[in-house]
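First comes the structure, then the notes that go with it.
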Amino acid sequence: MKIGRQPFRSSAISSSNEETIIVRGHDLCAELLGRISFTDHVWLLVTGALPTPAQRAVLDATLVAIAEHGLVPSVQASRMTLAAAPEALQGAVAAGILGCGSVILGASEAAGRLLVDVLARAAGAPSVDEAARAAVRVELDAGRAVPGYGHPLHKGRDPRAERLIEIAAEVGSAARHVEAARAVARVLPVLTGKPLAMNVSAAIPAVLLDAGYPLLALKGVPILARTASLVAHLLEEQQRPIGFVLSHAGAEAIEYDGEGKP
Amino acid sequence: MKIGRQPFRSSAISSSNEETIIVRGHDLCAELLGRISFTDHVWLLVTGALPTPAQRAVLDATLVAIAEHGLVPSVQASRMTLAAAPEALQGAVAAGILGCGSVILGASEAAGRLLVDVLARAAGAPSVDEAARAAVRVELDAGRAVPGYGHPLHKGRDPRAERLIEIAAEVGSAARHVEAARAVARVLPVLTGKPLAMNVSAAIPAVLLDAGYPLLALKGVPILARTASLVAHLLEEQQRPIGFVLSHAGAEAIEYDGEGKP
Amino acid sequence: MKIGRQPFRSSAISSSNEETIIVRGHDLCAELLGRISFTDHVWLLVTGALPTPAQRAVLDATLVAIAEHGLVPSVQASRMTLAAAPEALQGAVAAGILGCGSVILGASEAAGRLLVDVLARAAGAPSVDEAARAAVRVELDAGRAVPGYGHPLHKGRDPRAERLIEIAAEVGSAARHVEAARAVARVLPVLTGKPLAMNVSAAIPAVLLDAGYPLLALKGVPILARTASLVAHLLEEQQRPIGFVLSHAGAEAIEYDGEGKP
Amino acid sequence: MKIGRQPFRSSAISSSNEETIIVRGHDLCAELLGRISFTDHVWLLVTGALPTPAQRAVLDATLVAIAEHGLVPSVQASRMTLAAAPEALQGAVAAGILGCGSVILGASEAAGRLLVDVLARAAGAPSVDEAARAAVRVELDAGRAVPGYGHPLHKGRDPRAERLIEIAAEVGSAARHVEAARAVARVLPVLTGKPLAMNVSAAIPAVLLDAGYPLLALKGVPILARTASLVAHLLEEQQRPIGFVLSHAGAEAIEYDGEGKP
């Protein structure tokens, strides 16, 4: 069954023969292996070019910032899955990644779109703050939470967000998207009456978009970072299992309110 | 429902309060962010300690080596999944990771177990080759393929395997597991009569185990590396979609041999 | 970390003690097992009550209609995944289910929302056709495909859609949502100039919503039906594997157009 | 890249053209839709033939028996995943299915293999009990739990197991695999000194194998049944969300025992 028009029939990422593997135009074994870091390789894979030192620094910082934050829902889902299905580590990693969605880790992409929208509006607006106000109002009027602001634990400020923007400034990469993210942070408490500080999910797109990382691959950054964390948690789960402790505590917290309690 | 004995009730990976996030004993924002690379962070998360330069070099090399190899089955599964469900990039990544199994990318762990077995046998054997011969015979007698040797494309030699071992030697990390992997490479063609060269899935555990990376987290290395590659492919899939071209070609290659062809 | 307000702390689906399992108010072993069909149980689980004969007939028909349609993308993703990771059948099923997205099988829910919208508009409109016209225009103006109409293979008519509506009429269940689905089918070719016939993904919500099945569980019907089909394909994959034939054909169909072809 | 020998290039499950869809040799719309139940269709898809009344009764009973058992780990993983990623119901279902592994729901297949082994040994043994004793000893000597016996909640007896075997007897389908399952139930407490009663994961393969259902598709039965339950839980999760209550309770149950508590 032919689905859709299918106008494209090629890929520009990798090619190989018996002796050689080409990745993004480079001979993997002769030019890349042993010479570049994994972060360089991530940038190369995603963008097609090796990063500048500033780009590498920003990507490293975002990946380190978002990798680990304790027993978050996706980590718990992953550890329970390994406890139930220890034969498939890849299945437990996949279960964890499936929780990188619009509410939790995937907010990076939505926040990135917001920053792009702010900058598009800024072209014809008296100030970036005015553009931010207009963009935020669209979200609020639609009854949506503004992605990348406010955090259930880090209420006053998210230390990761501030540090990421600091690093981007240090390496000379912070520019208009960071400015837009700060403008949203200024107008949001006024518009909502709530102390919603910028969190890591707005800082990540701010610094990455300024560095030239593509918008449509933003969600990949928390997914990649969390995969590293899941591997660590799944090693611990094999050595000191808590998957069924987590599910036991979860079940105990919920009451049955249907009919015919046994 | 309480499942199992549940002797453990703690985790040593991360803790946090409103101001501070601790990861493996380090203040994430004050000590790690902006100072370490993502590869350092992966090593820290998995092992609990920051890597030496040699450990970092080996982990970087393995991640770069295994990240990308063109339109392999897991990449195709992932791109088809995004074509059908573009609303969930995380679902497409998960579908790709689910193909990191015992036959394809997960062979790293099985190969790692084989190398550990060879070294355990070497303690009481006249030579490592003799130990390798005994360990390989167990696999062959059980009718199993020896994990990490032979490759559908790189038949004569897998250039990634050789380069990884070269890098491990350059940084002074290559040791007994590399020796075991080479011993298997020597005895295998003799025992099977087939030119089965060491592939990347034997070289990865060889250099990582020598560097002190834990056996039970080996499968995480190809999974993490492939996640980076999947992000690149899924960006391309959004820009130049081929998911349905792949499925169309797949379906055309298969005949219906059931009853009542329409 | 407490995420969100968490106003609910109960579930009404099942409870149990050492001797008895209650499902939706019924003693599973004494009242349900051996007395009801799986389709009855699905309806009971989802809605909280056992189905009438008409409801059972409609749910059976939709599940049978959507279960299988050959080597569609999700089936190929699933079979490739099993070929690569034969140790985890559940992983291969999961990979297949991840392809039940907004473009392919998940269109049922989007089509259901459209039908609900048509009926809401019909309250104040001169005719259902007029309401359908207004609802469809919203989709077209937004540049979206109208979900549930047109099919890559069944261009003139989707035989499953017609048969489902026939069955709903036979059991006396077809009502206003079917009427809405037909109204869309009438106005759509006029508005688009294209012969877009009602497909199975519009017929499923039409007959299920008329039968009283909840809108928010509509996506579960193709997912459940496809799971049955995936089990059949994965049994065949174990007996006559084609997973790597599919990926080989897919890769052959794509050209490398990056730099440095090896 | 051509992986493996690829001796097969066909599938016998479905074929279609613009007007007609054939499933297992039947015209889907003309012969199946509206005439058979979903359970009939599952049997047809998996085995290639429509079931007898006894086969249908047994398959219905096993699917009803295993579908739902409260907030088990896979349900919690699924509900947490939907809470974090509400845009992808299919991702939450997939996360739940990934927990159908060797320890929890996938035990059906392992138990089925045990029963087949018992019957193979019974051919040359003085009694089925003697064969069961030998087969169980292999498991115990290898340090493995005997799959399908003992349950964390239903300690004295699993009411589902007894009812399933009763139903199989009523429809005249219970035969040698049920006999083998009972033999294991007799010898196991003697060999282990523990009151390990037959649970649902041994009863399912016993009655299904007796009915002619294929061993290699056994794991599909709990996976299919649980998918129905997951759809019900995910509907409830949309209406009365508890996903983050579950993860909050889980995290509270675990202490941080790493260095540098904040």
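Before moving on, here are some points about what is shown:
To keep things simple, chains are lettered A, B, C and D as they appear, and every chain counts its residues starting from 1.
In this section, a contact is a pair of C-beta atoms (placed from the backbone, for glycine too) under 8 Å apart; a residue touches a chain by one contact, two chains touch by 3 or more.
Nothing here was measured: the structure is a model prediction, and the numbers come from that model.
In terms of the stated touch criterion, the partners common to chain A and chain B are C, D, listed by label. The interface with the greater count of contacting C-beta pairs, when A-D is set against B-D, is A-D.
Once the centre of each chain is set as its mean CA position, chain A and chain D turn out to be 36 Å apart.
Between chain C and chain D the centroid-to-centroid distance comes to 23 Å (mean Cα coordinates, whole Å). Work out the mean CA point of chain B and of chain D, and you get 30 Å between them. Along chain B, residues 1-4, 9-17, 19-21, 69-73, 83, 85, 87-88, 90-91, 94-95, 98-101, 104, 106, 153, 242, 244-245, 247-248, 251, 253-254, 256 each make contact with two or more other chains.
In the complex of the two chains, the chain B residues touching chain A come out as 1-4, 6, 8-21, 23, 28-29, 32-34, 36-39, 41-42, 45-46, 57, 59-61, 63-65, 67-71, 83, 88-91, 93-95, 97-101, 106, 109, 153-156, 159-160, 162-164, 166-167, 170, 214, 216-217, 219-220, 223-225, 227-236, 238-242, 244-245, 247-248, 251.
Contact residues of chain D toward chain B in the complex are 1-4, 9-17, 19-22, 24-27, 48, 69-70, 72-73, 85, 87-88, 90-91, 94, 104, 152-153, 253-262. Across the complex, chain D is touched by residues 1, 16, 70-74, 76-78, 80-81, 83-88, 91-92, 94-95, 98-106, 242-254, 256 of chain A.
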